[in-house]
Amino acid sequence: MDELRNHVKEMLANGTVAAVIGYKEAGSPMRTKPVIITAPEEAILLVFNEYCLNNLAVYLTKARVKNLARVNGTIKKLGIVAKPCDVHAVIALIQESQLKREDVYIISFNCNGVVKDYGETLTGETIASKCLHCDARQPLYHDKVFGELKDLPASPDEELAKIKSFDDMTSQERFEYFKNEFDKCIKCYACRAACPMCYCTQCITDKTIPRWVESSAHGRGNFSWNLIRAFHLSARCVGCGECERACPMDIPLSLINRKMLEVAKNDFAYLSGRNLETPTLVGSFDVKDKEEFIL
Amino acid sequence: MENNLKAGYFPGCSQTGTAREYDLSLRSVAEKLGTELTDVDDWNCCGATSAHVTNHTLANALAMRNIVQAEKQGLTEMVAPCAACYNRLIVSQHETQIHPELKKEIEAILDSKIENPVQVMNIVELFTKIGADKVKQAVVKDLKELNAACYYGCLLLRPSDITHFDDAEQPTSMEELIKLTGAKPVEWNFKVECCGAAHSIARKDIVVDLSKKILDDAVAHGANVMVVACPMCHTNLDMRQKAIKKEYPEHKEIPVLYLTELIGLALGMDEKELGINLHTVKFELKKETA
Amino acid sequence: MKIGVFICHCGENIGRTVDCPRVSKAAEWFPGVVHSVDYKYMCSDPGQNMIKDAIREKGLDAIVVGSCSPHMHEKTFRKAALDAGINPFLCEMANLREHVSWVHDDIEEATQKAIDLTRMAVEKVKRNQPLATIKVPVTKRTLVIGGGIAGIQAALDVANAGYEVVLVEKEPSIGGHMSQLSETFPTLDCSQCILTPRMVEVYQHPKIKLMTYSEVEKVEGFIGNFHVTIRQKARHIDASKCTGCGLCITKCPIRKKAFNSFEEGMAYRPAVYVPFPQAVPNIPVIDETVCTYYKNGKCGVCVKVCGREAIMFDQQDKLVTEEIGAIIMATGYKLYDISKKPDDSFIKGYGEYGYGKYKDVIDGLQFERIASASGPTSGEFKRPSDGKEPKKVVFIQCVGSRDDSKGFSYCSKICCMYTAKHAMLYKHKVHDGEAYVFYMDIRSGGKMYEEFVRRAIEEDGVKYVRGRVSKVYEQNGKYIVKGEDTIAGMPVEIEADMVVLATAMIAQENASTLAQTVGIPYDKYGFFNEAHPKLRPIESTTGGIFLAGACQSPKDIPESVAMASAAAAKTMVLFGSDMLEREPVVARVNELLCGGCFYCRKVCPYSAIEVREIKDRNGVVIKEVAYVNDGLCQGCGTCTATCPSKSVELMGFTNEQIFAQIAAL
Amino acid sequence: MTEEKWEPKVVAFVCNWCTYTGADLAGTSRLKYPANMKMIRVMCSGGIDPVFIIKAFERGADGVLISGCHPGDCHYNAGNFHARRRWTMFHQLLEYLGIDKNRLQFSWVSASEGKKFVDVVSKVVNDVRELGPFKGYKELNSEFTAVVNGLKQEVNKAEAVNG
């Protein structure tokens, strides 16, 4: 922890970064919240532990945060404390031209997992489900890395099992299931706000000429919103799970996002935000892409 | 020895009869190379010759039953040393993959799902899998006295879209293998020429002519031994040399070895251990090199 | 908005299964429709006048014509709309013939569908915006890629019409494959003799800029306005000083190292060389890969003998950019090299014929060189292995062509003719020799072609055997050709001294890469695609790029020349006006809403999306947004579907229009 | 539309160059296919937004057909390759969310494949006919159901809280 604080302090002091987005304790040692540090002496606030649940990459595209980096007509680096899985989001944002690699200073950790929810001790029971299928506990890209890898509490991947179990259901049963889940939606768009990849200037759902998505929270509007959200994130979603965590109605959005992650993985051997060198799945193609579903 | 290969073994009918020595030599060589061969339980006919020319579904069902048996044993790889067995198994796998209706039909016949996870290998592929390095390390006897003509026949290579094994016209994989033993492969014309196959039984006259042509070309190009990977080829090239001699008294005999026998010799086993004494045309290594 | 609906009977064609009066009656009730009629032939003059009169009299803002496919008459009705004073893009069509009356029998069903389609068109047209055709200027210069006979012909035709031409050839000399040929069918006149004067004409033409030993590296821009980057490979000879005396060539000590590609590998050439004596330009090239100087810095004999100090070992490749209005692709072909098994999975090779293994099994071009008076044997028939005169030669046709399982499915077209020619040339020189031709069919369509083949058979006694060859192998210095005579129904074996394979003409190496560079489609074999197989065989689907010769499909010399002249004529049509008009179906970005993810840029097949920087008052870039270059955009709309925030629209097919159509279902 | 006389409603989104022209050819060749399908022309299959499909279902379509040029034939070189990736993802998402795969079908139909166009349309219409009206989505359209369900849930929740 001290290493992190000292490093951030130094980076701010010597002007390498204009600000650092990080985590600070929130009321209890088992709870954190995001903080933006601009002064070296504030670095003492920073923490990093298994309660750092937020994906801070979401702030990188916000105009107010970007403005912090704009000092005297030049652009300085923005620092971000990112779990290795959050680094995927940073990489994906770079690939989508939302920021430049040289404009962001990634401080990451060799990650030993995070909890599902604040206030719980990290065990096989309480570990976040995304950690169970983590493919990069060490950051793939970073400017500074801290921490040592320890064994991760093991637990079966229930999310995947649940997704697989849908294969045995009929279309109608699945439709019913998701319809009922989507019916809960109140169109608060917290999922969108929490998502680092939802950075559009104006979301498709807010477009009125033409009206793409019915804005009312009724069956049709809910179904199309959730479907379009999932589709727009297909092969872009990095699987951080923030949307589900943000959802006040407990709609199991991860079941859909994870499914689409699996699709991209199985059909194209593609994981979003892993490699700056490879082209993004959307926006590129291979002449040999499979197409057995096409008549 | 670490990283030893474990593979299923589908003997097929020939291995228990006319090609007993092929079975014998394969098992000894495999053991020596630390490869664990597990016989497919309750295996049956591969569906060759009479089956596949009379009843398409039956022939494929026969072959697929063996695959399913292997699958049930948890095998992921399986060697079929007989080229005909190899061909039937791999073709049936292909057929069931591209024809879902046939697959359904056969699944109904076998009362079992076909997942097709078993990779069928021919004998050459088995050695490739074991690894050239491993074979080379195990060689104790240099077979430099042998100028070998490698004969592939037809079933090992064709149809190439399905077998995906070597060049169907100018194969070289067997040559690469026997080079490891010190034997010298000869460059010759009829590596993939027809030996007459099952005509051996009904029309011996055809086989005599075809096989003679193959043997003569091998001899003309300096071979003193032939290497085969198929019991049918062996029958026609070895056993039929008697009939050839009868028809063409000037015929110069040439011994015909199974690939496994040749490798066995290089690994230090003797002719008897490998069943070479059972061949029609006798073969022995020169004693002083022993 | 006042909309007029016009329903056409197309004589009986629509009227028979669609109750047209009912459709027009129904359309009267569609919101916005103020005028609806039906008529026997809307496309006829009276029909069009009916539309024009209605527009003028009823003050219509937009029209919907329910008739045939828009591919048939959209232009007609748009023109009518324009004549009557409304924007032509406020005209939509409902396809009531191809998509209704011709494909449905039930009058009730068909009429209902016709009403639905008309309603959809009405809903769409309500949201149409008046668009203006886009005008772009034309640069009146032509780039010809490839200096074979097709490229030479095209360059000369365009240049003689008074327009400038840049002719790019990747080899050190122009001439192409035709310069390698001995004689040509069906006249047996000497190939070099008819080609060389044309090569010289190109060289001396004031309007032609000849760039040999050069390759096209990048093509940007669009019809009338291409910016082309050409790489001039280093010759290591100062072309402005070289007089072509050839002393360096004769003195170069490297004699037996370099594969002579002009002689198809049957001879060697020095490290400094011109491909053949009549080369244009007659300026040598130093081959870095074999020259001793590049290995150890020694030798330099050429430097010593050159009186003009033209040798430049340190010369570098040069990139040149040219402004071009039209491009003619004339990159030609190569022969299918069957000795290797190419990586492409659908080519299986022909190992059984022993090409590459036996020296005396050769391909068609190698035979041309043997038969050529300027070739490695000075035109005497000597087989490559031992220089003896072959007394029996077997020619095998369709090697690699017309063969689904091992080669290409297509017919290579010229092989029947050149094989007959080869056999004839052989018989003319080796009178006691025997020539056998294995063929599948003889395809000799063309002026004097069939007569030519008959002459080979009847006058010169070439023996034609119908059947395939299964194997060629060597036995005691002879090549045993095993095949089948399907007419006699017998297997045959011929002991030959030499075997000539009529290997297929295939697409030039890297043809597909070049096609991607230039931006034209190509088929699965790598041949460039024409815009329409029958009606637009000279144009590629990309505006301003034309095709000539064997780069499009196998062709003989007269066909290539004809196509080259046609391509030249096409460029002149283009150059006939100073400005080009284009349909305004292009994409437009809403810069206010664009999030700058640039997925549009990644998917755009034409690189038409550019980055526009939005700056604040201090000049600091605060946002980058997409911007569509009208000149490049071809209007596919892939960007619109990819854009997550729907900030880009395709004019004429806006999302609003499509939603309206869906809503009107 | 009354229950006993239900006819499937199928929408096709097709590209201008291949499938639309192929459909024209089907007409010129006087081939027959069911009248249930209505076509919306776009310039390229690459320009078909998946939301169009959702919109079609919202507007009461029982099935949707998407069709463009064969890979390699695209008038715009690569539009259909991008489309193919998009569809690979989208059709699996829809299937996962419970929309039967026969309700949304994809095809390549070239300008010369009038016959194939007819076969594809007939197949899609038949498949959709077998599935019956797309009740699931039509019910979504009833705002009332949604509101009622929402209220029911609230009541249940309240009951749960109050014991």
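The letters A, B, C and D name the chains in turn, as written, and every chain counts its residues from 1.
In this text, contacts are C-beta pairs under 8 Å (C-beta built on N, C-alpha and C of every residue); 3 or more make two chains touch, one makes a residue touch a chain.
Just so it is clear, the model here is predicted, and its values are computed rather than measured.
K.L.:
Suppose you hop from chain A to any chain it touches, then on again the same way; how many hops at least until you reach chain B?
P.N.:
The fewest touching-chain steps linking chain A to chain B number 2.
K.L.:
Name the chain pair with more contacting C-beta pairs, choosing from B-C and A-C.
P.N.:
So, comparing the two chain pairs, more contacts are at A-C.
K.L.:
Indicate the whole-number Å distance between the mean C-alpha point of chain A and the mean C-alpha point of chain C.
P.N.:
Computed from C-alpha means, the inter-chain centre distance equals 47 Å.
K.L.:
Could you grab the centroid distance between chain A and chain D? Build each centroid from C-alpha atoms only and quote it in angstrom.
P.N.:
The mean C-alpha positions of chain A and chain D differ by 32 Å.
K.L.:
Calculate how many whole Å lie between the centre of chain B and the centre of chain D, each centre taken as the average of the chain's C-alpha atoms.
P.N.:
53
K.L.:
So which bits of chain D are touching at least two other chains?
P.N.:
50, 72, 78, 82, 86 - these are the residues of chain D that touch more than one other chain.
K.L.:
Which residues does chain C have that touch at least 2 chains other than itself?
P.N.:
Touching at least two other chains: 603, 642, 646, 655, 659.
K.L.:
What residues in chain A touch two or more of the other chains?
P.N.:
Counting only residues that touch two or more other chains, chain A contributes 204, 212, 282-284.
K.L.:
What chain pairs are in touch here?
P.N.:
A-C, A-D, B-C, C-D
K.L.:
List the residues on chain C that touch chain B in their complex, please.
P.N.:
341, 348-352, 357, 471, 473-475
K.L.:
Note which residues of chain D are touching chain A in the complex, please.
P.N.:
50-51, 54, 58, 71-72, 78, 81-82, 84-101, 105-108, 120, 123, 136-137, 139-143, 145-147, 149-150, 153
K.L.:
Tell me, which parts of chain D touch chain C in their complex?
P.N.:
Interface residues on the chain D side: 9, 11, 20-21, 23-24, 26-28, 30-33, 35, 38-44, 46-50, 52, 55-56, 59-61, 72-79, 82-83, 86, 118.
K.L.:
Using the touch definition from the top, list the residues of chain C that touch chain A in their complex.
P.N.:
592-599, 602-603, 618-620, 624, 642, 644-647, 655-656, 659-660
K.L.:
Show which residues of chain B lie in contact with chain C when the two form their complex.
P.N.:
It comes out as residues 160, 167-170, 189-190, 193, 217, 220.
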